[in-house]
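Each of the next two complexes has subunit A plus one other chain: subunit B in the first, subunit C in the second.
The block that comes next holds the complex of A and B.
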């Protein structure tokens, strides 16, 4: 059985990203920087109606605009659009302005449908307009049950009932969705901002009727993806068709505005939770009802989890008697897609709020309550370590008892990420050159998480070289295939693959050169003996070096101004495990990012839809609010290194518990629960009973 | 955006001539270019760059009266040590505006003249009242950021931090209209927006803001705002206050609030009530009640009442010298 080395020089140490200099100096060319010879801008015309029948689209006027080289429709004939921003047609031209002019020139004949619905509570009414003809907006409920819930509530010493809601969160990676695509008779090349070069290749090939072997996808540098960038998307198909028509490469990167409409989002959740415990603080009964919207669809099922609205209930804690009922509500809005730990952040928020509310009712310290009911040893240990670091004992006080108008509160929450294990279908090749230089080629992609660095660190450790001596090539479907970067699986997939490659390379070196141990100081001498032909080995993921799942806990301290409602997160302590740590520096970056994203979810982010017009009201960073550096607290990270478990991914668990911890800290500060994310000043003031009723509603 | 001609003017007169009745002035461009890119304005035939107009980028510090050129940037106001000493509220107002990058190019004139940030107005496909449509969508929709006071059907509030602070400082915008310099109080500068749904301020086509004159008599000034986020966010409510303070008592106090009305919200009776009083808890609470009397909250913005109440109290307490 293979095993990771115990004495290490690079593994589990802080190693700067191998491409850090390229990134901060602007040398790194991201997908959106690609300027293929003779490239054109591509742009999409979108529906300005939330529901309409499209009768005809006339592209002729667009083609007359100077600089326009191609225009294509999404489809021929009549068709129905079901949300504001749905794609209708696209143009390619030599300048952005030409494309904008062309979009304005396209003539669309449509029958707008005046009946549409964009809010969950409206959509679930019996007389609501149907998003899909003949299909109820409300899906058939899915119910699971174990134990005897009704009897169990009678046996509880304390029971709480809460209503916890989370908004639709929009996918807003720094780099928007898009591609540059060049499609000729010889085949198609796509430079894509994607989490899955293979899945983009397959989806493009499928949509365009091409052999997979005729499609090459390249992703050298990529500006972030959180579950919505696996397939080529409508924008990819349109870019390909435009390229074919224009006989030129077409770069079609979406704008921030478009990003808010049509590339996926995290479904909302409306969680009604009834939960009870016995007098000694043992959870005994749980009844949960949840619905949410995935927009027009149930969400495209993708690697890393589906985009559906179901959430895991009752999430982390052991409850013997459970009944859960969940359903989904369709609305006229863009579809959901997988979003960093699909289902988990809303589930964590609802359950962790209920845990604190019940602890308060029981008169128990919420941390003790968790330790009593958490079935996972690792996480219980993390709660204890975190409590120590955070100073929970000193900081925790009864809800609402902090003096003065600015109240301090503390809260905690736990995480689970059942995926995070490896993909067995990970392949790679290593090339050892006679001059001692080393190249690794893996058909995975580095989406900003440090995959290239992971490969370099593992290879350097095992070959006795330095990370900067390893040249890493990823992000090209010409390389041996690997998995998409979803579900926190990449690290656990590539690390054992690189291990396999290194073992094979060392073995082969020994066979060919007679050097018994080519590592470290023997390396160059051994390689020289290869003569003129590089050594190439192929490898793949092997058993025993990676596993799952990962856990984690977070503690938050907040200050809430009870006169203005403003929440300030002062401190977050995060304790996380992910088996063997590859690189503490990139790992801490991932956790920082997860916490900041979770903070946005807790306090700022929310897609706002308008009933009357059906539009997204906040399709920009002015009103779709994201944490800025001034909002970000002091973050302290504690890492549990468990080499014996092997490698596990961390991307998703890091963002799961943040919102629950912050919400609990706010409730602890105020003495009342704000059960709805995001926790804005308006909601804090309302929870405190300070907001008067509105004047008579408008007529 | 639509095509336009571009010219650089070298005197206010020539700028006015170039703009004629077919163009717009371009200074920092933060708002104007955004409006043009989103096709939210009737297409201007010409943009007249006014950044080279002589003298408009200066701060002149008189004993009694200061003059701040319309082209002075927000960043200069924020960084100027004398501004911080004489008008600390103005410095604070400047520092809350947008981001450092935007403050570096945003001008005083542009901050005053900026258009509505209402998310219905800014949504290109919503034909709202402010764009000349038939309906204020915000009134019926999500009005969390909208006005508690208005004199027309549009409930888009004024968001100029400087306008709000200038109101409390009794400043006048000096506007070139028909070849003459016309002083406008902040109340006058925005009053048209209070009564006319399509107006963002009282400027007529071709009007050019030259400078802002502010009396240096009120030596205490305060600006506070609360947003959803800690920086780079619009105020949910802002409150500016200015006064002389003698023996702990306010003299000639002025209070103005932003994001509550299409104009900086001022209640003369409250200013009179505060005059000569020490701003203790009871006094400032009573003043806040007076200032917010008659507020017309809608479905989503009633929280602005307690928020504004708190900010008024805080601003006045701070004005009185409380840390």
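The block that comes next holds the complex of A and C.
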């Protein structure tokens, strides 16, 4: 059986990422930086109606604008659009300004539908306008039941009923979606800002009727995805068609405004939870109802995973009697996509709020209540470690008892990420050159998580070299294929693959050169014996070096100003496990990132739709607030290194529990629950009875 | 001053009452300045109306002259990214909201998406590509690498420019001053704690990671 080395020089140590110098000097070329010879700008014309029948699109006036080289429609003939911002046509031209002028010149004949619906509660009504003709807005409910729920509630010593809601959150990677695409008779090359070079290749090939082998996708550097950048998207197909028509490379990057409309989001959730426990604090009964919207993507066809709005209920904790009913609601808005730990952050928020509310009713310490009902050994241990580090015993006080106008509160929450394991379909090749230099080629991509660094660290450790001696090539479909970067799977996929490559390279080196152990100080002598021919080995993911799942817990301390309603997160303690740690430095970065994104979800982020026009009212960063550097709390991380479990991904679990922990800290500070994310000052003041509750935003 | 000012029509808070509440000297200075700017503009416009077609623009970027032919509506960011090979400054919002496009204009950090290339003429422009000299990275760049103050790296050039500008006029900033200097930069990967650490270290403050690794 293969196993990871126990004495290590790089593995499980802090190693700076191998491509950091390129990123700090501006030399890293992102997809949006590609300047292919003779490139043109591409831009998309989008529907200004939230619901309309498009009768005709006249591109001729656009083609007359100086500098415009091509214009294409999304499709021929009449078609229906279902949200503000849906794609209609696209243009390519020599300047951005020419394209802007051309978009204005395109003539669209449409029959706007005056009836549309952009809020979940409106869409649920019997007389609501239908988003999809002939299909109800509300999907058939999916129900699960175990035990005898009705009888069990009668056996509980305490029962709470809560309503917990989460908003639609937008991914907003700093680099928007888009590609530079060049389509010639020889084939198509796409420089894509993507998390999945293979899925972009396949989706482009499929949409354009090309053989997969004729499409090459390159992603040297990309500016974040968080689940929204797996396929080529409509923008990719349009860029390809424009390139074909203009006979030139076309760079089509979306604007920030478009980003808010059409390329994914996290579905909302409206969770009604009834939960009871026996007098000793054992969870006994759970009844949950939840609906949410995935925009026009809601519906049976997209249920589960990224497209649907279902969440895992009840989350984490052991309950013997359970009844759950969930459904989705379609609205006239852009479709949801996978978003960092799909389903889990809203599920964690609802359940962890209910846990605290029930603990309060039972008169129990919420931490003790969790320890009693958490079925996972690792996570119970994490709760204990975190509590110690955080000073829970000293800090926890009864809800609402913090003195003064600025109240301090504490809360905690747990996470699970059931995926995070490997993709078995990961391949790679290693080339050992006679001069001792080493190249690894894997058809995966580094989305900012540090995949290149993971490959270099593992290879350096196993070959007895330094990480900077390993040249890593990823992000090209010409390399042996690997998985998309989603589900926290990349690290657990590439690490065993690199292990396999290193073992094979060392064996081959031994066979070809006679050097018994080519590692470390013998390396250059052994490689020299290769003569003039580099050694190339192929490898793939192997069993026994990676696993799943990952857990984690977080504790938050907040200060809530009861006069202004402002919540400040003062401290977060995070305890996470991810099996064998590859690089403590980049791991720390990912956990910080998960917490900060979770904090945005807790306090700031929400897509706001306008009833009257159907537009997204806050499509850019001045109105869609992300946490800034001054908002970020003091973060302390405890990592459990468990090499015996093998490698596990961490990107997702780190963002799961943050919002629940912060919400519980706010409730602990105030003595009343704000059950609706984001926890804005208006909602805090409403919960305190100081201002009326905001309309359509239950608190 | 003649009586042609439409000052008295807007109720209690007319321009005149507002001006009265200021000191006379300030009023005179402000008015004089407004008038001189207006006069200057009129003179310039009378001489030459630029555009809408491309006009020659010469920028001084990283110490080198960059001669371009640009429509007057082209921003400095677009001029750098799309008319030269300097793609280090990034477009994140095109809206003065994210800071990914931050460059230095005569040493001051500015959003290059909000400055027309035309207006940037005659100024010293520094982009992230212009920081390292002869391949030697600056202290700020080195500290960003050492503390992993970047993930996807798309916001990184902007943060580096903001921190670089801060350290030039305040070589020993406090954590609060660093946060203030980076208040106009957004990062979606959530790298801010490491950015703060890197900036402190670049300012000579020893920084220790608070992360603890427990061996199970």
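In this text, the second predicted complex is superposed on the first by the 684 of 699 C-alpha atoms of A that agree within 3 Å, B and C clash if a C-alpha of one lies under 4 Å from a C-alpha of the other, contacts with A are read in each partner's own complex, and residues count from 1 in each chain.
In this section, a residue touches a chain if its C-beta (ideal position, glycine included) is under 8 Å from a C-beta of that chain, and two chains touch if they have at least 3 such contacts.
Please read these numbers as outputs of a predicted model, since none were measured by experiment.
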item: Fit or clash - subunit C, subunit B, common subunit A; value: clash
item: Touching partner for A:608 - first (subunit B), second (subunit C), both, neither; value: first
item: Subunit B versus subunit C as contact partner of A:693, first or second or both or neither; value: first
item: Which of subunit B and subunit C A:617 touches, first, second, both or neither; value: first
item: Contacts of A:255 with subunit B and subunit C, given as first, second, both or neither; value: second
item: Subunit B versus subunit C as contact partner of A:681, first or second or both or neither; value: first
item: Which of subunit B and subunit C A:641 touches, first, second, both or neither; value: second
item: Subunit B versus subunit C as contact partner of A:628, first or second or both or neither; value: both
item: Subunit B versus subunit C as contact partner of A:364, first or second or both or neither; value: neither
item: Per-residue touch tally on subunit A - higher for subunit B or for subunit C; value: C
item: Selected from 79-87, 205-213 or 259-267: the stretch of subunit B that, after superposition, runs into subunit C; value: 205-213
item: Those residues of subunit A which subunit B touches in one complex and subunit C touches in the other; value: 97, 622, 627-628, 630
item: Subunit C partner contacts - residues on subunit A that touch it in the complex; value: 12, 14, 16-17, 19-21, 23-30, 32-33, 35, 41, 95-97, 172-176, 221-224, 226, 253, 255-256, 385, 389, 447-450, 577, 581, 584-586, 588-590, 592-597, 620-622, 626-630, 632, 635-642, 644
item: In the complex with subunit A, residue positions of subunit B that touch it; value: 1, 117, 119-120, 123, 125-126, 135, 137, 139-142, 144, 226, 228-234, 236, 296-303, 305-307, 310-311, 313-314
item: Footprint of subunit A on subunit C - complex, ascending; value: 71, 73-74, 78, 81-82, 85-98, 100, 127-129, 131-132, 137, 141, 144-146, 148, 150-157, 160, 178-180, 182-183, 185-196, 209-216
item: Touching residues on subunit A, where the partner in the complex is subunit B; value: 48, 84, 97, 100, 561, 563-566, 568, 603-604, 608, 610-613, 615, 617-619, 622-623, 625, 627-628, 630-631, 680-682, 685-686, 690-695, 697-698
